[in-house]
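Here chain A shows up in two complexes: once beside chain B, once beside chain C.
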Partner chain A sequence: MSSLVQSITPRPAPARPARAWSATRIAGHVLMAMWIIAGACLVYYLASNIFSPFVQKYWGKYLEGFVVTLQIVFVSLGLGAALSVPIALARASKVALLRWPAYGYVYFFRGTPLLAQTFLIYYGAGSFRAELTDVDLWWFFRDAWYCIIFAFTLNTSAYQAEILRGAVENVSKGQWEGGRALGLTQPVIFFKIILPQALMVALRPYGNEIILMIKGSAIASIVTIYDLMGETRRAFSRSYDFQAYIWAAVFYLIAVETLRRIWDRLEAKLTRHLKR
Partner chain B sequence: MRIKHLAAATALVLAAVGSAEAKDWSKVRIGTEGAYPPFNSLTADGKLVGFDIDIADALCEEMKVECEFVVQDWDGMIPALQAGKFDAVIASMSITEERLQKVDFTNKYYNTGPAIAVPKDSALTGTTDEALKGALLGAQSSTTHSNYAEEKFPSADLKLYPTPDEYKLDVASGRIDAVIDDVVVLSDWLKSDDGACCKLLGALTPDPEINGIGAGIAIRKEDGDLKAKFNTAIEGIIASGKYKEINDKHFDFDVYGG
Partner chain C sequence: MNEALTLISFGDAGWGDEIAQGVFITITLALATLPFGLCLGFFLALAKKADDPSMRMAANIYTTIFRGLPELLTLFLVYYGVQIGIQQLVKFAGFDLYIEVNSFVAGMVALALVFSSYASEAFLSAFRGIPQGQYEGGYALGLSRGRTMWLIVLPQLIRLALPALGNLWLILLKETALVSVIGLADLVRQAGIAARVTKEPFLFFGIACLIYLLLAMISSFGLVRIERWSKRGEAAR
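And then the complex of A and B:
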């Protein structure tokens, strides 16, 4: 009986053969270089304009607008999240009387542009002033801020309901059955067992929805609200300086990038038991 | 700054390519808004009508050039002129210092003042900053009137709209308390069915610093020859009586102003 006395000494993997400089590879490098140069120019331009009269004059306004944008986004996201739970439940319900209206609601708000919904609510409400005054709701619809929050909440709740429903359906039936076998009540199973697992799946789509809302909130500026875009348009209309829009883009990027980083942390935390 | 130079250089090259055969101005493209009755507006079937349009046609006839209208949103009017989408703006644009930094203007072709309109049952009594304290005041954005409101009525709450159509809807529904615009524009609207909701609160004294020195034709700075042609034509139609004819067709008073 022979036994292994000596094995081959471990060696590093052989070096990869050098890749040929094909036409596409050269084109890729050239394009990449152009992008990098363009990006560097943009950064240089912004840096050299930090003390320009434009920035001196308008930066305070931009900050105010940025705060308004964040307020709009987070208030409507919060309200939309609360509203999305009953809608998602109704949507997954076995009772047709609950399921179909929820389906119609989601169908309408996902299928039509946010701009159209905003106009419909804002100018639509304006033409029903007498009726709204009768039911004492005019104070609400008179204010552009409330109209925007209302429109955005309805819109985002439809999206969030779909995210939630998809995520909940993704959790296997066995989890429900296990919960029932332990004698837990339906709400406890949902909130303590199903929802945490569903959130793992829902996290990324939720992040996307928030990003879409941050950018979509620019619509508020055309119904007289001075959000980030509203202030940008005002600054542009006084200066005709295109850097107005570049600075707006910078602010939106900051918001989205911050969110992206928070989301990476959240995901790492929620899925820590899956790490090996 | 470098990018600015680069952009300017690119624009120059593009302009040079565009005008390689030297502009002879046999054809002039005119930008207008089409949302500012009675000066310029679109009819239901998409035709441009109004005082500005008639003046433009008369000027083109006087200059013996062929004119083509381009409809452009108000907010983007000056950038579009600079980008070469059209050669002249005839859209009731007031000649102001701010705009003169970006474009050139011909002499004025009319001059009217701002005014404030309110719903008929309005509690507002005057057109001072004191009287308008806390009132929601609507205006079209990027206009001299919105600047006027910002400067003269800081106590009012200014709401900006993309076109007059939107502030008209909002003042009719009572969402805002008052609107500021050209006195002629407001009077014309108040005479129509849509304007039945409202009345003129009062005319305002124009401030030349804000309101400028009347409405002129905006031209790119490098097109001095076109500006000269337009100036001669404006004098021409005033001398020939054509201006008065157009004036009387639209208004029962003289809009040329002092």
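And then the complex of A and C:
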């Protein structure tokens, strides 16, 4: 009879083999080094300019422009969200007379450039000046600010309607039936069962839509709105100093990246029950 | 109604030929941007799926920058940035001459930068749809890495990436409108000139919008054909 006198002493896991300096790795390090150098140059350039006359003169303007950009984005997103509900309903309706116009609306606003739509509304309204004055709407279309909000609202409502329709259609009919079988009322089913599931699907496209709007709002600067881009162009045309555009790029990148991070956090929270 | 028809007719009285030139520039710009954007996007996707973290990070920084900047700002950065950069270089070299950057090229570069960062994501998700066995099969047949990529992976990759790339093409077509701001005589700019001269802005911008719609329709028709072509080897299911 033999007995185990001594078991094998525990040993740590073998060390990972050192990663070879493959061509990819070298290229990756070179590229990263270039990014780091470029980033360091940028930071140095901006830091050395922070007390320059340009920044002294225009930083207030930039902040004002940034606020205007945020106003444009959030006002048109809000109005667009409200408008997107009837459009999405019409788009999913069984009545052809409702469905086709909604389809045409969405197709038009998603198929043409935002710039052309803005021009169509801002300059195009001039063609109907007499008629618009008659119905007392000329004050609305004369103002670049209202025109921009109007154009962006129409544009984003078409996109949001598609997001909404896709999200609600994604939730299966069985969810409605299950709710009804439990004796829940229609609003309770919608808000407690359908909406949370639809939101999970819609959250990502909604986030993308906000980012698209922040980027698209730069177009407002072309029709004399002094948003962040408008202030940038004005500062550049006055000073002919290229840092005007670099500051704007920094502002936009920070805004978009912050939003993207928040959105990732939000999505992780909404889908936390799906995590394994 | 007749007046409107005269205005958009071809020839001296109408603006039809100017608009047609604008359409030509718009289409040329989009078509010229496409190959650069696709190639750059493909290599970016390769970098993003590399096993080395530094490579992935380098590619991700690129995407973050060009997806986060407004297209209009990218356009200005390229247009004025390159111009000022060249000016400085020329001054540094001791010459005294004024150099203007071609707005077509500037537009092409800016649009290709933006397009490639989106296309890289499309290619990356397509790469994820190709099983590892496809590569291993290629290597087992004695093909080099490049040949495996070219003969085995790429044909399948195109099929997987086509729907997303089709969407990106439609977006690219719309984004070309922005180059009108830096003075390229594209569709929007020609429509704008016509609108200012004839004082019929609604007519001309409306026509511009309809032409964009028409281009989008033709594109989606063409994309359906291409997609069908790319799937010709697939068995019917």
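Going forward, the second predicted complex is superposed on the first by the 238 of 276 C-alpha atoms of A that agree within 3 Å, B and C clash if a C-alpha of one lies under 4 Å from a C-alpha of the other, contacts with A are read in each partner's own complex, and residues count from 1 in each chain.
Here is the rule we go by: a contact is a pair of C-beta atoms (placed from the backbone, for glycine too) under 8 Å apart; a residue touches a chain by one contact, two chains touch by 3 or more.
Source: prediction; values computed, not measured.
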item: Touching partner for A:129 - first (chain B), second (chain C), both, neither; value: first
item: Partner chain in contact with A:44 - chain B first, chain C second, else both or neither; value: first
item: Greater residue coverage of chain A in the superposed arrangement, chain B or chain C; value: C
item: Touching partner for A:249 - first (chain B), second (chain C), both, neither; value: second
item: Touched partner set for A:146, first chain B, second chain C, both or neither; value: neither
item: First, second, both or neither for A:229, with chain B first and chain C second; value: second
item: Touched partner set for A:176, first chain B, second chain C, both or neither; value: neither
item: Interface residues of chain A shared between complexes with chain B and chain C; value: 123, 126-127, 222, 233, 236, 242
item: Complex contacts: residues of chain B adjacent to chain A; value: 1-4, 6, 75, 78-79, 82, 98, 102, 138, 141-142, 146-147, 159-162, 166, 169-170, 172-175
item: Interface residues, chain A side, partner chain B - complex; value: 41-42, 44-45, 48, 123, 126-127, 129, 142, 144, 222, 224, 230, 233-234, 236-238, 240, 242
item: Chain C residues within the chain A interface of the complex; value: 47, 50-58, 61, 64-65, 67-73, 76-77, 80-81, 84, 170, 174-178, 180-181, 188, 191-192, 195, 199-203, 205-206, 208-209, 212-213, 216-217
item: Chain A residues touching chain C - in the complex, by the definition given at the top; value: 19, 22, 24-25, 27-29, 31-32, 34-35, 107-108, 111-117, 119-120, 123-128, 211, 214-219, 221-222, 229, 232-233, 236, 242, 245-246, 248-249, 252-253, 256-257, 260
